[in-house]
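In what comes next, chain A is part of two complexes: it sits with chain B in the first one and with chain C in the second one.
What follows is the complex of A and B.
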């Protein structure tokens, strides 16, 4: 029997898991449209590869990965591309991002696809398959799996498969393990080969006995050596990667260190399932299991095509009329969806329908009494009350000194806070503020470098020009002695440059004087013989002309465009 | 008596030599305060402070010739940092120097005649182009200093504000009701 270890803190919120595990997974109905965001993973947004109006097949790549850290996005079913535009996506900001809208044709026609035998295929190719199949971490972090299945730099001893699913309400991994255990353990075996890991530890919380039994059976059936299912105590957030690694192996992953440096890599069970489907069946990541629960008549798990609008999905579970919000994820870490029209993404593990009765509005916050209950439950062993203090005072340097970035935003601190302070909001605020400042500082650094280089370049160009001129002059001087012995014989007297300048200036001066004289002489004298009445008329006309000229000058000044400074 | 004098003279000579040596050996080139001030400035090189670039402004502040509230792109946060660094009081922006949001220059490529005047004005070489060729702003390098706008003879450069998008979105400062103590 393996000795299990403990992580610091943790809480026991009501789990609410039985509601959605009574019935098996069902396939969700074909939606009327699919809204597929191109940025469903960590890293660069995929680049659209289809045109509006184009017919696409199920499994066809509609967004190709851009750069090293990126993943492909596929059409979840066959149909027509209706739009490629900015639409609201499942994000805390409620802001729009680039999405591809597909109207399904109902035929669900596959693109030609096929798998490979992973034992006969080089690892580089397997990773390429994962990248092209859009396989990302389905536990919520959506990190591209091909990037995680390397073991070049560090020797990986243990592969941890995360089936803990610690957050209340969510049961998608539980149901997947119960129903598709064989594919999960086979996928885990592929990942183990890719990482050259010695053992696979599958951590499942002990409130899922059916899942534990199913996975154990699958391991026995396939005869996988080096694989072990371990029931871990139910304690939130025991499904955090660092926490699960700590419980299973006793290794504490230090701040700013990756678990791979300690010889451990962690994947979610659903990711292992997708790895198997992608490699041996050639099926890209097109659908995922989503728990629909909360304020619904019939809470259950659905296999949902990516891009299915949330409102169409929840209607199939019988969303009750007093529902006032959709929460994506769990009640502890989930995001309030900005609208029911957003599409299900690779990160959508659960939709909880919220109602005022189910999730009453939080009680007004009271001042912090520094009871340190938050510090007692913090799974990252931080001092949440101090972090709150500094984040509130916008003293971001201090928050970093208190290891703000080790916070996994699990919400355990806010859950136990007797003053109902929304602590996690403060940490998120401080984190995003620090990131923004780092971006600005980096921008300033680049600008400084570029400006300094420009100053240097201008100086260098000046010098080079001066050198070129000097060389030319030198060359001219060198050439002069050759032509000097042949003076022009017709030259009357040697005119020195000074003399020449003087004469030239003199000639210009005289010419100007002459012109002035002529202008003075050419004064028109045709008004001298006019009668006094005519002279008066002329004077009047002249006055009017002067006035018009003045007005024109004024208008001209107004017309001049205002200078931008 | 003489021995004591000799010892004292010896010590003073030795210490003097050490001081003299370290003054040469550990000599600080330039003014470190200027570097520190320059590090706080946003490096837009826009000249809105009245100095030709961020470094000259930093030098002027270090000499006490310029105020700390002349840099609109740095914002109030920048003034606060300068005040902290120099140990002086915070000073709000004067009239007409209020900070604007982040901007980026955009060239209307249909109008551009390829005169290269903006290339010469850009302090960070963020415009690419050549004589009689269309010019383009390298948006990622543009500091939004607006120095290219005035020289353009055909007014084809405009400043556009950079709006927050999903990648640059920031969490807001939490505002929540606080219950009054009974």
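What follows is the complex of A and C.
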């Protein structure tokens, strides 16, 4: 028996999972249109490869990956491209993003596709297939899987497969594990090979006995060695990657550290399923399982084509008339969708229909009484009450000192707060303020560098011009004596070539000196009136900054201006 | 209306938590009434009314909504704790002055709920003991000890009019606290053993008051069991008081009483479970709670035994309250994934 480890804190919100697990997964009806965002993954937005009016086939790439960290986007069914424009997407900001709208033709006609034998295929080729198939993490982080399935040989000991699904209401992974266990464990085996991992630990919360049994059976059927299902205690947020890794292996992956550095990689079970479909069947990621639950007549899981408008999906579950919101994700970490017209994306694991009865508006917040119930439940061992205090006071430096960026925004703190303070909102606010300030600072830095470079360039051009002018004059003067040996009457008679050279040199020197002087005047630093002490300090700071820039340039930062040495 | 996750919360509220604490005081109060008569109920009522009225006035002056704050039960808790800390026969105006000061000055002038650095009830106590030291020494003689007991009407008459039945002096119906008596008698040269033979002492400490302390301990255990409070503060406080007392007791039993005497005297039990555990004025880190409570335990003992005041709980609490920001800053725990690392 494996010893399980504990993570600090955690809460037990009512799970509400049975409502949507009573019936098998059903295919959602073909929607009237598909609104497919080109940015459904971490990294660069895909570049559209189709045009309005073009007919596309199911599985055809309509957005190609851009840059190293990106993923492909496909037509989820056959039809006609109706629009490529900015539309509201499934993101809490409500900001529009570039989407491709497809009107399905109802034929669901596939593009030619086929799989490979993963054992006979080089790893780079397998990763390329994943990238072209648009496979990304389906647990919610939507990180391109090809980037995560690379490891130096023997770097990774353990592949953790996340089937914990700790958030209330969500059951898409549970149902997928119950119904498609074989493909999941086979996908996990492919990932294990790609990572050269020694073992695969599949963590499933112990409130899903059917899923645990199904995966265990699949492992036995296939005879996978090094693969083990581990029932983990039901405790939110035990399905957070860091928490699950901790529970299964005892390893704590700190914020800002990659788990691979500690010998662990983590994938969601649904991702493993898609890996298998992509590699051995050549099926790109076109659909996913979505739990539709909450204020609906018939809560269940649907297999949904990516891009299906949320309102068309929830109608199939019998969304009730008093529904006032669509929550994407769970009640602890989900986002309130800005509109029902947004398309289902690779990150859409669950749609909870909300009503005032189901999710009553929060009670007015009282002051924090420092009861530390939040600290008791924080899975990152933070002191949420301190973070709240500093975030409220806009003391962002202190929030960082108190490890704000270790917060995973799981919401456990706000869930237990007896003063009903929307704590997570304060942390999001503090984080975004810090990011904005860093961006501003970077922007200012870039602007200053640009300005300094411009001043330098103007100076250099002046200098070059002066030199050119002088050269030209010199050439002209040199040419004159040759073509006209007799001194011109207007020219001073006593000039000798030696004298002439001196004058010329003098003129060059003065021109250069003048250019330098002007450049000095144009220099943005107003350090002229500073005390020598301060000037020395400024010089030192400037030298340090130049050094930092130089290091950045050496490191390959490509948007750096040329060095001004 | 848009709001962000989480969309669900537990039904626990500040008002509920404080109500539980009030309920946990009831066993102690019941025993108080049993041994000392119903006067304590009068001062609790008086303090409660004063606290709510002062709270309302202060909220109004500070432009804060009345309903959520008046119903949070924190002012009531302050009132009850203050009333339980001072003699039940204290004149009505003392209760009013102490409570009003606690709510208006030590709570609202520092920013109201959640922002006061000092425990308001203990501030109220400190103000009273410094301003009216004599009144603060007239404790009712408990039921099994006193030969003369006041009826409820006579208690009321004294509280509101300062009048005792003809022929009775205050000294005939009140006495110094057991801790006070012990200190005085030791100064007079008696040994602990001789003093403990006096009729006011019971099995553990003072007759009657030891039972009230036990009542508070029972309420405290209820708070622990329902997880309203964590074990850190009461356990560390009582352990620290015990160890300090035991150390002196072992050195010189004739001059220093047993640790159990200290546990069941004065405000030790009330303090351990109800006063130190005020979340607003105690540290937030677990390590910090231990430091805070151990400090309070040692200080309580030192003030009781070597200081000029009859009990040390209030001043020990207030002194440790000042240290809370420092204790918190110095005891920040390591976050997830950084426990093994140096920083």
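Observations on the structure shown:
FYI, the second predicted complex is superposed on the first by the 459 of 565 C-alpha atoms of A that agree within 3 Å, B and C clash if a C-alpha of one lies under 4 Å from a C-alpha of the other, contacts with A are read in each partner's own complex, and residues count from 1 in each chain.
The working rule: a residue touches a chain if its C-beta (ideal position, glycine included) is under 8 Å from a C-beta of that chain, and two chains touch if they have at least 3 such contacts.
Everything quoted here is computed from the prediction, not taken from an experiment.
Between chain B and chain C, more residues of chain A are touched by C. Contact with chain B, but none with chain C, is seen for A:426 once the two complexes are overlaid on the shared chain. When the two complexes are overlaid on their common chain A, residue A:364 makes contact with chain B and with chain C alike. Within the superposed three-chain model, A:96 lies in touch with chain B and out of touch with chain C [touch as defined at top].
By the touch criterion defined above, A:336 reaches chain C but does not reach chain B. Of the two partner chains placed around the shared chain by superposition, chain B is the only one that A:447 touches, whereas chain C remains out of contact. Once chain A of one complex is fitted onto chain A of the other, the partner contacts of A:383 are limited to chain C, with no touch recorded for chain B. Legend: residue contacts after superposition of the two complexes on their common chain; A:253 is shown touching chain C, with no touch to chain B. In the superposition on chain A, contact of A:436 is made with chain B only, not with chain C.
Overlaid on A, the two complexes show chain B and chain C touching the same residues of chain A, namely 92, 362-364, 366-367, 422, 425, 428.
Contact residues on chain B toward chain A in their complex (touch as defined above): 38, 41-45, 53-54, 123-126, 141, 143, 146, 149-150, 155, 164-166, 168-174, 176-179, 181.
Chain C contributes residues 1-10, 12-14, 16-17, 65, 68-69, 72, 74, 112-115, 279-280, 282, 284-285, 328, 332-341 to its touches with chain A in the complex. Taken in their complex, chain A has these residues touching chain B: 39, 89, 91-93, 95-97, 362-367, 394, 421-422, 425-426, 428-429, 431-433, 435-436, 439-440, 443-448, 450-451, 453-454, 457, 561, 563-565. Residues 7-8, 11, 13-14, 92, 168, 242, 246, 252-255, 257, 327, 329, 331-336, 354, 359, 361-364, 366-373, 375, 379-383, 385-386, 402-403, 406, 409, 411, 414-420, 422, 424-425, 428 of chain A are the ones touching chain C in the complex.
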